[in-house]
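One structure is given below, represented as structure tokens, and several questions about it will come after.
Labels A, B, C and D are assigned to the chains in the order they are written; within every chain, residues are numbered from 1.
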Amino acid sequence: MSRVPPAAVALLLSVALFFLAGLVQPNFVNAAQAINIVRLAAFLGIIAAGQTLVIISGGEGIDLSVGAVVTLGAILTFMISGGSSERLWLALLVVLAVGAAIGLVNGLGIVFVRIPPLVMTLGMAGVVQGTILAVTRGNIPGGVPRALANLVTGRFLGVPGAIYLWALLGLLMWFVLQRTRYGRELFAVGVNRRTAALSGVNVSGVVVLTYTLSGLLAALGGLLLLGFTQRVFLTLGETYLFPSIAAVVVGGTVLAGGRGSYFGTMAGALVLTMTESLLRSMRIGEAYQMIVFGAILVVLLSVYGRQRERE
Amino acid sequence: MRPSSAWLRNHTYLVPLVLLVVAVALNYYFQPNFFQPRVLNGNLRVMLPLMVLAAGQALVIIAGGIDLSVGAMVSLVNVLLVTLVTRESGPPEVLLAVGAALLVGAAAGAVNGLCVAYLRLQPIVTTYATSFLFSGVALAVLPRPGGALPRALTTFYRSAPLGVPATAYGIALLLLLWVVLRRTRFVQYLYAVGGNAAAARASGVRVAFTRFLSYVTMGLFAALSAMMLTLSTGSGNSRLGDAMTLPSIVAVVLGGTRLAGGQGGVVGAVIGVAVLTIIRNLITFSNVPTWYQTLFDAVVILLALAGPGIVQLIRGRRA
Amino acid sequence: MPDRDPPASTPEPLLSARGIAKRYGAVRALEEASLSVRAGEVVALLGANGSGKSTLGKIITGITRPDAGTLTFDGAPLHLSEPAQARRRGITAVYQELSLVPDLSVAENVWLGHEPVRRGGIDRRTMKGRTAELLASFAGVFSVPVEPDTLVDSLPPSERQLVEVVKALAWRPRLLVLDEATASLDARQVDRLFELVRGWREGGMAVVFVSHRMNEIFRVADRAVVLRNGVTVGERRIGEVDEQELVQLMTGGGAVAAIALEGHDAPGAAAAPPGATEAPVVLELRRFASGVVAPLDLTLRQGELVGVGGLQGQGQSRLLLALFGAVPHQGEVRLEGAPVAFRNPRQALRAGVAYVPGDRNREGLLPVRPILENLQLPNWRRYGTPLRMERARRDAAAVVADLDVRLASLDEPVANLSGGNAQKVVIGKWLSRRPKLLLLDDPTKGVDVNAKAELYRLLARLQAQGTTILFHSSDDAELLGLCQRVLVMQDGRVTATLEGDTLDQRHLVAAAMGAQGAGAA
Amino acid sequence: TYTIGVSNGFVASEWRTLMVQDLEETAQAIEEELGITIELVFENADVDVQGQIQQIQNLLNRGVDAIIINPNDQQALNLALEEAVDEGVVVISTDQEIGAEGVINVVIDQTEWGRQNARWLAEALGGEGDIVIIEGFVGHPANEDRMAGVEEVLAEYPNINVVARESGQWDQATGQRVASDMLASIPNIDGILTQDGMAQGILTALNAANPDPFPIMTGEAYAGYLRLWDETARNHPGFTSVAVVNPPGIASSALRVAVEILQGGEVDESKLEGPFGNSLYIDIPFVITQDDLQARLEEFQDRPDSYAMDGIITQEQAASFMR
């Protein structure tokens, strides 16, 4: 096995892909497009942060509720702030609390009621979606705080705020995974829960905390996404759900748990966004775009998404 | 507690069966005409395609995999069927189309199988990726919804020979097929591979090939499911089956099959589909307010999934 | 000098392997291994941890493909690409649980891969019937009832091991590889297995036998082949060699401390402080019970090393787990006089209790994670937030140096270590905590002589530092050599406490087999 | 008293929620106007085709007099709906034209809707320029009808070049991403032709990219879009747009027609149009242009951004479809 970390491979791949695109589509390669792609990838990357933690935690860990929670985060921000920048803090607080609470319920259901993560979080997605519908009846009053829009879309040195925020999150995630006890125990739990428990790790606590963080990060992703879309709608987060999982895996995090990094996920989000943009710029029909995207994804996965036989 | 004897392990559908009985009883309470042949027929008609699909999904999951491309496969076979068959087609064309459908289903499954079993890609994301492949092909084959089947076929699907709905025969056949399959080495090896792949390999089981076959079988079941669905709708659409993927997985889990593999069965999956369908009936007939229907649906399914775990939790407390 | 030539005047070997080499990345598992076995012969394959015994076994049985070398079987070249092919030729192996599927029944496991078929389907009736017949050969030595329909998942390790044997037999093998097949068996079960092995030998079966227990080699083998660092370095007839010489072959003439055990002057025993009875009480149990473990009273003093013995699966592991808070328990526990009730390992840890599990791979290690993380897993709390990685690394390096773990780097996955070194890591993670009470669940299972010796020295040192040790072992010699006191368990009850005069092989066996009063205290 | 079932197979969109709310309100209005009682039974959930068939069957089993359906599929529900028709239930499809026998469609003319948008854009550009098209679900009949109308019109303007055509999946976020990509990689876009369901995302992307020249675009008749349009026009004086209403009240119009039929009305064959000859086309209620933007903004100032401009026919208009 080569020693090159998957994150680096994915990153190199996306850069190569970008310049390769120049051969096919010369006006695809320019600074504006590069920044645009990173910015688009930022939202996928932010939303995939919690997913990365959950997948590292193992035990078939996966969070299918992130799409619905992203939507909820955006809607809550929209409604609570009512477009006022002063109330953005309040919105942030509520959004984080609600996201964490949803994640907490996921975690409790998975750990104590033993519902498989896939169906627990899928069910939770339905509950969140259903609650949004029942409460708002599709009628969502509110507004986008200018401060939020500026934060996300405003440019500093020509680079949109979203990219800075993403980079900040990247550092934070690195810190959490590599420099905190929780991060270390998370990997242990992901590899072998029994070993972890017998070594004094609070396995249930770590898993519940992980899903809680996932909910919290997804809700935060929704808040930030609102700054980009500047509009709420009922399917806002849904389109990010499966790509968030794909980004994690393409970034070299193993679905079996216990191995991976957020830098990998960031690179994965870049590769996916890049591929999508590239295909779009090639102007082949919708059907062929889908076929090529599927094929490229399979190839990407086979580069380093391969799983070793259980020993 | 895990069952300590093989008998209990082979009958994991007993808990879901209780769930089904409760669901049916509730449905009957809210909808007194539930057992009328016409009503029953209608319900079974709705269930059958998903039952077939969930049966295939169960096999894949037992072998330790999962398939997120099943909906796309159904769509693909559906558009294939309606392009090969028209309202005027006779038996030869129909047979040809059935053959082609099975072939394409198996081929699509083989693509998944190759990726997962031989290239050892992770099933969830791989089948998510191939679902784009299949959807794309489906869209290329049939850019606009359309097509039709011979009337005789769609009428047959809705008929009730000897007073029993045609679809009931279908379900019986499906269960019979399972009883036969359960006796084969192939299915025995699905359990072994899903339970402990290294052990299975050391015992001389061809693990990769077994996994590969599980996906091919899934493809065949998806083709069968698409046939049932096409009989039910009488038309083609390149996205017709897409929304069936997640329900097929939920049904398998509701039916007591462990997502990690190595345990479970088709009977449970079939029961799971019935429960899911009946929950929707309950929403209608118990007059859940319009705006709460989605919430109600999700909560009830979640409770059904949580049921066994909660019972265990309470029992564990007491012990 | 290693003598590679097989003894002269022998009939054609059934299997012969010549010049076998196998690399895993940078690791040379095998370089130049040779082995031949004749029909009706039991060959012991010896070597230190990581010397390549299992790899050679896996190559013979088609699980692993060699990079170089030739195999001949029955006079014809043998090319195996799948285990299935080896099995069809009559070559099977017994691994440590490697080939059992927990969710299948005993019968299904035994026949996995060659189920009897009738009319296109699996003939379950025949399958169960023949399984029952095979199980009958072990009747009386099971500690729990084993039926064809029992799920393997519900069986304790020793019974699984027997099922593995039964499974291998179902293939009616001509060559059987037993890779540490006795490691989790108790004395009675080993006796029965050896009886059977002798029977098979009469019937013309060839057996390759791997074990780290020297006495077993001498009891059952005809010939010994020794591997060192992937090279076959010697071959001896059992009648013409003594233990000393074999160990020397294995280690290349290095340390031979381990066999010192035989003479009751193992480091542990030697280091026992005289008058330990005066030392303060560390652990006191009153009517302590848990699951199969019947209520028991026990007092442990500081620096004591107390053994727990008996047949396999009599509740020894459960007792240790319960003390560690990993499973619920009843009764009173006092640690250094203060009443405690651990509901989970964390609480036990904080109170100064440490536990080394018996199943290293499933309970002790994080295989894919770096050695550093394995060593520091229980200790991260001490390094603050952000974690002071430099200090953590330094501390881990100290432990590694202390235990003489052979590794390339702390960042290498622990899975790359050999069994003995991995075991040191499992123990090493507790070292820096200086536990008051150390619970050990059969820690030398599958550990080679050298590593064992080092472990004993380590225990002695801990004892000297005042750590109290409760030590379960399936190896009687080890218990007798190390401990001042041995509790013998049967059926969840402590049936005897051996001490002083009664602390010998005869009493231990008698007590384990249930002879009452063999030395009750 | 009439029991009328509503089958809606997709709930996660503002347009659909407005449709449902309109139905609830309209039913009450009809009760007051005509002095009859209407019991509405809703089947409202995200379902696949089989799920919607189940909805139809359940409504039948409850013994409804009429079914208003917004079908998820143009053909797949025909067999189930024909069964309902055979049992004497009045079935009206809305929002989407279907060819089931005995079913009446009450819809707006999507082809005409597409034509109006395209014509506006072509004329606003003075008949020449580079445009990009961001369409809805490829393969979805409504999208295909609209695009047919668009192509028909564009054929009349040879100097308008379509330099890119992509699907935004009728999803604001996707539309926004697609537009961001296009704006970054295609220079000099003069106009963007898009549809409702995505226009707001696209205009947001346009504002973020701030290209030069700043293109004009077709829009959507949502309150949020009108506000964004107004804001954009302030910052970029050349910017202009159009909003052709696609009313969620179309289902309520269908309800009024259903009531007419239940009360003994018979549909006037001469009013039936469309590909299957069974459609009653409701006029597009209104079109918003730069000229009346301010007036409309005022009119809808209390509405949330998600509000879609609406229009429901009166009972008299419904009656005028009868013989």
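Quick notes
FYI, contacts are C-beta pairs under 8 Å (C-beta built on N, C-alpha and C of every residue); 3 or more make two chains touch, one makes a residue touch a chain.
As the structure is a prediction and not an experimental result, all values here were calculated from the model.
Path length between chain A and chain C in the touching-chain graph (shortest route): 1.
For chain pairs B-D and A-B, the one joined by more C-beta pairs in contact is A-B. With centres defined as mean CA coordinates, chain D is found 34 Å away from chain B. Between the Cα centres of chain A and chain B there is a gap of 30 Å. Between the CA-based centres of chain B and chain C the separation comes to 45 Å, rounded to the whole angstrom. Between chain C and chain D the centroid-to-centroid distance comes to 72 Å (mean Cα coordinates, whole Å). Listed for chain A are residues 129, 133, 137, 286-287, 311, each touching two or more other chains. Of all residues in chain B, those touching 2 or more other chains are 139, 143, 196, 198, 201, 291, 293-294, 297, listed in ascending order. In chain D, the positions touching at least two other chains are 11, 20, 138-139. Shown here, the protein chains touch in an arrangement that is not a line, ring, star or fully connected set. Under the touch rule stated earlier, the contacting chain pairs are A-B, A-C, A-D, B-C, B-D. By the touch rule above, chain A contacts chain D in their complex via residues 25, 27-28, 30, 32-33, 35-37, 39-40, 129, 133, 137-143, 153, 160, 225, 228-236, 238-240, 276-277, 280-281, 283, 286-287. Those residues of chain B whose C-beta lies close enough to touch chain D in the complex are 31, 33, 39, 42-43, 45-46, 49-50, 139, 142-148, 154, 158, 229, 232-244, 247, 277, 280-281, 283-285, 290-291, 293-294, 297.
The touching residues of chain C, counted against chain A in their complex, run 25, 324, 326, 344-346, 349-350, 355, 357, 362-369, 373, 376-378, 380-381, 383, 385-387, 389, 415, 429. Interface residues of chain A, counted against chain C in their complex, comprise 1, 175, 178-181, 184-185, 187-188, 191-192, 194-202, 258-259, 311.
Interface residues of chain A, counted against chain B in their complex, comprise 60, 62, 109, 112-116, 118-120, 122-127, 129-131, 133-134, 137, 242, 245-246, 249-250, 254-255, 285-295, 297-298, 301-302, 305-311.
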